[in-house]
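After the structure tokens below, expect a handful of questions from me.
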Amino acid sequence: MSDSTPPLAEFHHFREKMNDAILAADNLVIKRFFSLDTRTYRAGALDAKTKELLGLVASTVLRCDDCITYHVVQCRKEGVTDEEFYEAFSVALVVGGSIVIPHLRRAVARLQELPAQ
Amino acid sequence: MSDSTPPLAEFHHFREKMNDAILAADNLVIKRFFSLDTRTYRAGALDAKTKELLGLVASTVLRCDDCITYHVVQCRKEGVTDEEFYEAFSVALVVGGSIVIPHLRRAVARLQELPAQ
Amino acid sequence: MSDSTPPLAEFHHFREKMNDAILAADNLVIKRFFSLDTRTYRAGALDAKTKELLGLVASTVLRCDDCITYHVVQCRKEGVTDEEFYEAFSVALVVGGSIVIPHLRRAVARLQELPAQ
Amino acid sequence: MSDSTPPLAEFHHFREKMNDAILAADNLVIKRFFSLDTRTYRAGALDAKTKELLGLVASTVLRCDDCITYHVVQCRKEGVTDEEFYEAFSVALVVGGSIVIPHLRRAVARLQELPAQ
Amino acid sequence: MSDSTPPLAEFHHFREKMNDAILAADNLVIKRFFSLDTRTYRAGALDAKTKELLGLVASTVLRCDDCITYHVVQCRKEGVTDEEFYEAFSVALVVGGSIVIPHLRRAVARLQELPAQ
Amino acid sequence: MSDSTPPLAEFHHFREKMNDAILAADNLVIKRFFSLDTRTYRAGALDAKTKELLGLVASTVLRCDDCITYHVVQCRKEGVTDEEFYEAFSVALVVGGSIVIPHLRRAVARLQELPAQ
């Protein structure tokens, strides 16, 4: 990747390290929120793949690069194909407008860092 | 419904009337955007139901009541069940936080205006 | 109040009714989020008044009228004076800019609906 | 107008009344901000019409109906034609995406409330 | 420039490379959106300079650094002077508040990378 | 720190340098806004510590890393303890949702750069 974004391995390392620091502070509300966040994407009436796609599109219209990276990785694990990724991105682009485009560029760069489906 | 929100029939009437006024102005970019917006939710690699759910969650985290109303109606047409609606709302709530809650209240009120699935 | 905003009693009525409907749907993530939301404002290292002021300013810069109404009422219960309200509003205004002003107008109208401190 | 939005006269009445209440609270930061807000749109290197168009597009992508109403009125006073309005709206729509559309509908309804140019 | 932002040449390189990758995916909605985005800023009832200023202010209040960079470059090409830039920034700052300031810093750093007008 | 964020000293250096450049442009509205911004956090009916906490939470829900860094430093100067920081963060997290988490990670990394309280 480029554009001063750290590579995926560094992203994961910083994410893990700081999540550990946050949870070590032992704030009950924050700990419960983190636990709830994980539970949100478990399969239920909607399967895990659909939920991850919902998380990806929500993160994209809210323009949070780290959240996008996280859900791109999770979506790939759930078997989302390139064509499905681009259709999800097209929804985010039309709903959120051209300000979403720089985040699409970085999302696609993340996709290129992952093994092909 | 309550909370000063107009009933669904009035929402649709105002929406149609003003869309007509906007398109009558004959601005090429706006006309093409409206056409693109419609095309975005057509079935492709992702089916129409999944795309409408993506549109619903995007609209919810961006907190646009009219967009939520539109996609609640479309999702119902695509057969989204109550349990699936609430799982989609749960993703929007956790991603977007408690500021999403007032919009959830109005989304659920819209759902109550529609015939049960 | 005016500006098509419902009076405080109607706000509370709709809020209670729809919260009941949402919780009746029995979605675990949503129920836990609602419970967590309540717990967030309990006195801890920061007292309840400070936390409600934080909730008020967060709601104001995010421009959520219903959230502002809720926290204006809670702040008043915690003894926030008019002068303190306006200082909190001044922080929200400078951080969030002139787009915050319409929400300040409605926040002050809500304040006028409450018994004077 | 419809869609539960108050007519322009009521908008102006509420705006004036609440601005008076806010300024009467005599918070120095808020008073200076209001004064600065007015000064921002005065003709300088850019003329007043261009500045009002900038304010209109900023308000539209941030999706603040009251701010949009205010700048629609000001733009009309500065001689902005219907065709120019729609070109400004097209920029806001493409930058901000389909979530801008409900605000465009209300903006155009406001425009219809004003005397034709 | 500093603040970990890549220099303008690197910005352009990454932008071109990723736009090519996105368009190569051959998603019809995305391709049409990109084409529409370009068309939006063509001279019409409003001249190209005014439209680029609208795009700049929209990007600034939405706080998208890459979009700001793009429109700063385009505005300069259209002959926007330093004084006009700062007046456009002043509208964005007052509308969007102090959270806009970090983006102003980077916008001005971009301006310093360009040949003086 | 990591995650491509510049260290605190570099943040301060870039901030000072660019603020100087902005103020040197001598735009009256921008200069007054900067002066107003400073005045906003002065002790009044609310003490400086409470105001800095309000600024921190506002910056966090609006997801502006540079603003968060600034207020983390100011809060520490005002004697905010780790436990108080995490309670303020918990309000921001619940109001703003999981998209706030990447900013919390960077906020906590900034906190680790500062001398312990």
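Order as written gives the chain letters A, B, C, D, E and F; numbering starts at 1 within each chain.
As a convention for this text, a residue touches a chain if its C-beta (ideal position, glycine included) is under 8 Å from a C-beta of that chain, and two chains touch if they have at least 3 such contacts.
All of these numbers come straight from a predicted model, not from anything done at the bench.
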Chains in simultaneous contact with chain B and chain C: A, D, E, F
Angle of the C-alpha superposing rotation, chain E to chain F, to the nearest 5 degrees: 120
Label of the chain whose CA centroid is most distant from the centroid of chain D: A
Interface composition of copies chain A and chain F: same or different, split at half: different
Whole-Å separation of chain centres (CA-atom averages), chain D against chain E: 23
Between chain C and chain A, distance of the C-alpha-averaged centres to the nearest whole Å: 30
For chain A paired with chain D, centre-to-centre distance based on mean C-alpha positions, whole Å: 36
Sequence positions of chain B contacting 2 or more other chains: 4, 29, 33, 36-37, 40, 58-59, 61-62, 67, 83, 86-87, 90, 93-96, 98-99
Chain contact graph, described as a line, ring, star, complete graph or other shape: complete
Residue numbers on chain A that touch chain C, as the complex places them: 28-29, 32-33, 36, 39-40
List of chain E residues in touch with chain C within their complex: 61, 93-100
Chain D-touching residues of chain B, taken from the complex the two chains share: 4-6, 10-11, 13-15, 17-19, 21-22, 25, 27, 29-30, 33-34, 37, 58-59, 62, 64-67
In the complex, chain F residues that touch chain C: 36-37, 40-41, 44-46, 50-51, 53-55, 57-59, 61-62, 67, 81, 83-84, 86-88, 90-92, 94-96
Chain C - residues contacting chain D, complex: 2-4, 63, 82-83, 86-87, 89-90, 93-94, 98-99, 101-102, 104-106, 108-109, 112
